[in-house]
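Written below as structure tokens is the structure these notes are about.
Just so it is clear, A, B and C label the chains in written order, and each chain counts residues from 1 on its own.
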Amino acid sequence: MPDLHRTITRKQLATIASQIVDSYDELGGINHPDGLNLPSREQVVSILRDFLALLFPGYFGTEPILRQNVTFFVDGLLDSIYIHLRDEVEKSLFYEWKLANRDTTDCPGLADRITIDVLEQLPRIRTLVKKDVQAAYDGDPAAKSHDEVIVSYPCVQAITTYRIAHELYLRQVPLIPRIMSEHAHSQTGIDIHPGATIGESFFIDHGTGVVIGETTEIGNTVKLYQGVTLGALSFRKDTDGRIVKGGKRHPTIEDEVVIYSGATILGGSTVIGRGSVIGANVWLTSSIPPGTKVTIGTPKLEVVQRGSRTA
Amino acid sequence: MPDLHRTITRKQLATIASQIVDSYDELGGINHPDGLNLPSREQVVSILRDFLALLFPGYFGTEPILRQNVTFFVDGLLDSIYIHLRDEVEKSLFYEWKLANRDTTDCPGLADRITIDVLEQLPRIRTLVKKDVQAAYDGDPAAKSHDEVIVSYPCVQAITTYRIAHELYLRQVPLIPRIMSEHAHSQTGIDIHPGATIGESFFIDHGTGVVIGETTEIGNTVKLYQGVTLGALSFRKDTDGRIVKGGKRHPTIEDEVVIYSGATILGGSTVIGRGSVIGANVWLTSSIPPGTKVTIGTPKLEVVQRGSRTA
Amino acid sequence: MPDLHRTITRKQLATIASQIVDSYDELGGINHPDGLNLPSREQVVSILRDFLALLFPGYFGTEPILRQNVTFFVDGLLDSIYIHLRDEVEKSLFYEWKLANRDTTDCPGLADRITIDVLEQLPRIRTLVKKDVQAAYDGDPAAKSHDEVIVSYPCVQAITTYRIAHELYLRQVPLIPRIMSEHAHSQTGIDIHPGATIGESFFIDHGTGVVIGETTEIGNTVKLYQGVTLGALSFRKDTDGRIVKGGKRHPTIEDEVVIYSGATILGGSTVIGRGSVIGANVWLTSSIPPGTKVTIGTPKLEVVQRGSRTA
């Protein structure tokens, strides 16, 4: 590149840079106050990886786990999760309290208590994810073994991530639960809000496009297929026309319900009664009594003569 | 952190760790017997990357491939695939046979034969994936070149991965085909079971949410859009109420069929006749003769007065 | 492995390798002419990462950004983007012009001008993405803060990537815009063609399965939900039966339209009038006047007796 050209380019880049720096002031969007950090997405993803290795030992790591080393393996992972999770929880509390002008003295202690609290749920979560794996094996004729389910079914990552993120959500940790659920969403196409309440033996087959909203309640032994939406019907607005945050906006799904692909169920007072079956592509905004089967009507068939078809 | 607090924390973590270790015994889920490994997901993904580099030379690597080096390039990649794939196949056979209490003496030899067998399909697979790329270029007015299709269309990764995984599935290799297909699913949103049978010149546009079940049969020159499900209608249960594994559960799609976005076609005896066109969001559970066009009815239009709309 | 077996294996691998090398000649697919490289996917993804760090300072990096270092931070990132983007643009122009037998002397200069041109849009793009984040916060009752939107909403990555890729598309850079959009598609399940025209304050909730075609036009303050398709209705074919490339094939969505999950809107002359609301799973192929609400009919309910249900 000739020197003159290089000089001009330098000048143009400098102009763009100074416009961007100015826009940081005008528009906000930079972390402020200085040095105040959001929790790190990379770190949260790495913590999730450790959780999965602990919950499914021998499935996701690269090293074989020998029986005589199990205690060593568990101690090491648990320690690593404790240290890193506490740091990220502390950052996220500190961040939120600072923005709210609250005294942040108690953040480290609270972060520690929350982290220990969440880790104490791990044996219970192990029991839950074991039942989820069993539900997948029982619910899919294509499943050849429990091992195949664990190493290759996307619902295992999505639901397990939900079960961990939900514990942080219940303890009002900002940002981290949603970073976790969005990582699982990105990997699996399954979007479960950490605020949802989900019972035992939950199975999602295939899963791409599934959306489960923040205030959804799901009972035991529920099975969903790909593309199912459990969403909000409409949003209340305040007198300024702004959407009101909070409130039960998403449906309740009772025990032993099956919802086929692409079905959309909306609304905070919509209850799908126990044992019901919702067919593919159904759109529902009102409650359904127990034991009901809902399907969309037979499609209109338009038969086109061979040869005249142009599409 | 004060020392007393640290001591308490240590104690809490030790309690959690010992509960988790105990739960490994109670719940299973650890690799057993000791040292017996599942195939490694990381390794399988890396093998898939090598396959893609070999099938589409110059598209996915970082180094330019010079004509005079092609033989060197192919030899190196093929060798790498052979060594690593054989190892993973051996691990997966060993794992399954051990669980079934079969004598595992023959595992290494069988792993070797299967691996060579699969590699011998590569020239044929190259011909197939070339036709798939051509089908994408022909089928999408937005496609500017074959190169654009190869470097940016998700169906290329999904279908090519299927074509490789299918060869392993046909040779009854456990776990690896599904790990491959779920990796492609995670990357592309396209979920093709390695057991499906798919003809030449197959194109999936956009692809997110597509599900193609294990016993699906697809002819030549078929085109699918995003969100299409080729699934099972319902599952036979045995006298204990358990789902019966196996059997033809997914539809047959004949040559030159086009299926638009969100359509759901279910059932093992459902046949979509040659040259048919299935419209968006259609839900079909029975066969359709050749040359038929199926669409859902015109939607009910509810016109709301301007100003009175509140949603 | 015994020596004889090893010799046989070597021979089989050599045969496969030579068949693959031959197939490179027969089938094409190798980069030609020699040494002529396509833009690197890895490099394009890394450039995108730099763009995101620059547009959302402090959100996606691992280091805190101190106020006094902002100029240094911006200069460094901008320089890095300039150098790498210019290289990739040059490669892609060189590749296309060579294939078209055009004189490539001007490629470096043009690549430089295009790159500077695109970088000059960054302050404007910052303003746009800020409005997109605001639209997400305003449009979703589950959004707790702008920060939560930025670190965890997939639409932020998808729409921001679109806004960058669109600038390259407008300047007719081959391949790179589509590599960018497909990376975002893979990460988020949202497939926005870089050719689409999209106004301010655009929000996509959840997003998995959304498809926005090349010639779509979207006004200001539009909200989409997961699984929405803005697609082509059918393709014109030439006298040889080949699909005609180009032309307006995708719909126009006017200001303040909301489109719920799974809706499919097709066709280049289809216009969704200002302020309309399109319900979930609707399938539309014709225009809708402003202020219209469109929903699919109430589903047929089939009530099944408890106990007699077998599915």
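As a convention for this text, a contact is a pair of C-beta atoms (placed from the backbone, for glycine too) under 8 Å apart; a residue touches a chain by one contact, two chains touch by 3 or more.
The shown structure was predicted, so the numbers you read here are calculated from the model rather than taken from an experiment.
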Interface composition of copies chain B and chain C: same or different, split at half: different
Magnitude of the superposing rotation for chain A and chain B (Cα, nearest 5°): 120
Chain centre separation (chain B, chain C; CA means) in Å: 22
Shared interface positions of chain C, touching two or more other chains: 189, 208-209, 227, 262, 281, 295-297, 311
Sites on chain C touched by chain B in the complex: 1, 5, 9, 12-14, 16-24, 27-32, 34-42, 95, 174-175, 178-179, 181-182, 185-186, 189, 191, 193, 195, 208-211, 213-214, 227, 229, 231-232, 235, 242-247, 249, 258, 262, 264, 266, 275, 277, 281-284, 288-297, 310-311
Touch list for chain B against partner chain C, complex: 54, 56-60, 62, 64-68, 70-71, 74-75, 78-79, 82, 108, 112, 116, 119-120, 122-123, 126-127, 130, 138-145, 147-148, 150-154, 187-189, 206, 208-209, 225-227, 234, 237, 260-262, 279-281, 295-297, 299-306, 309, 311
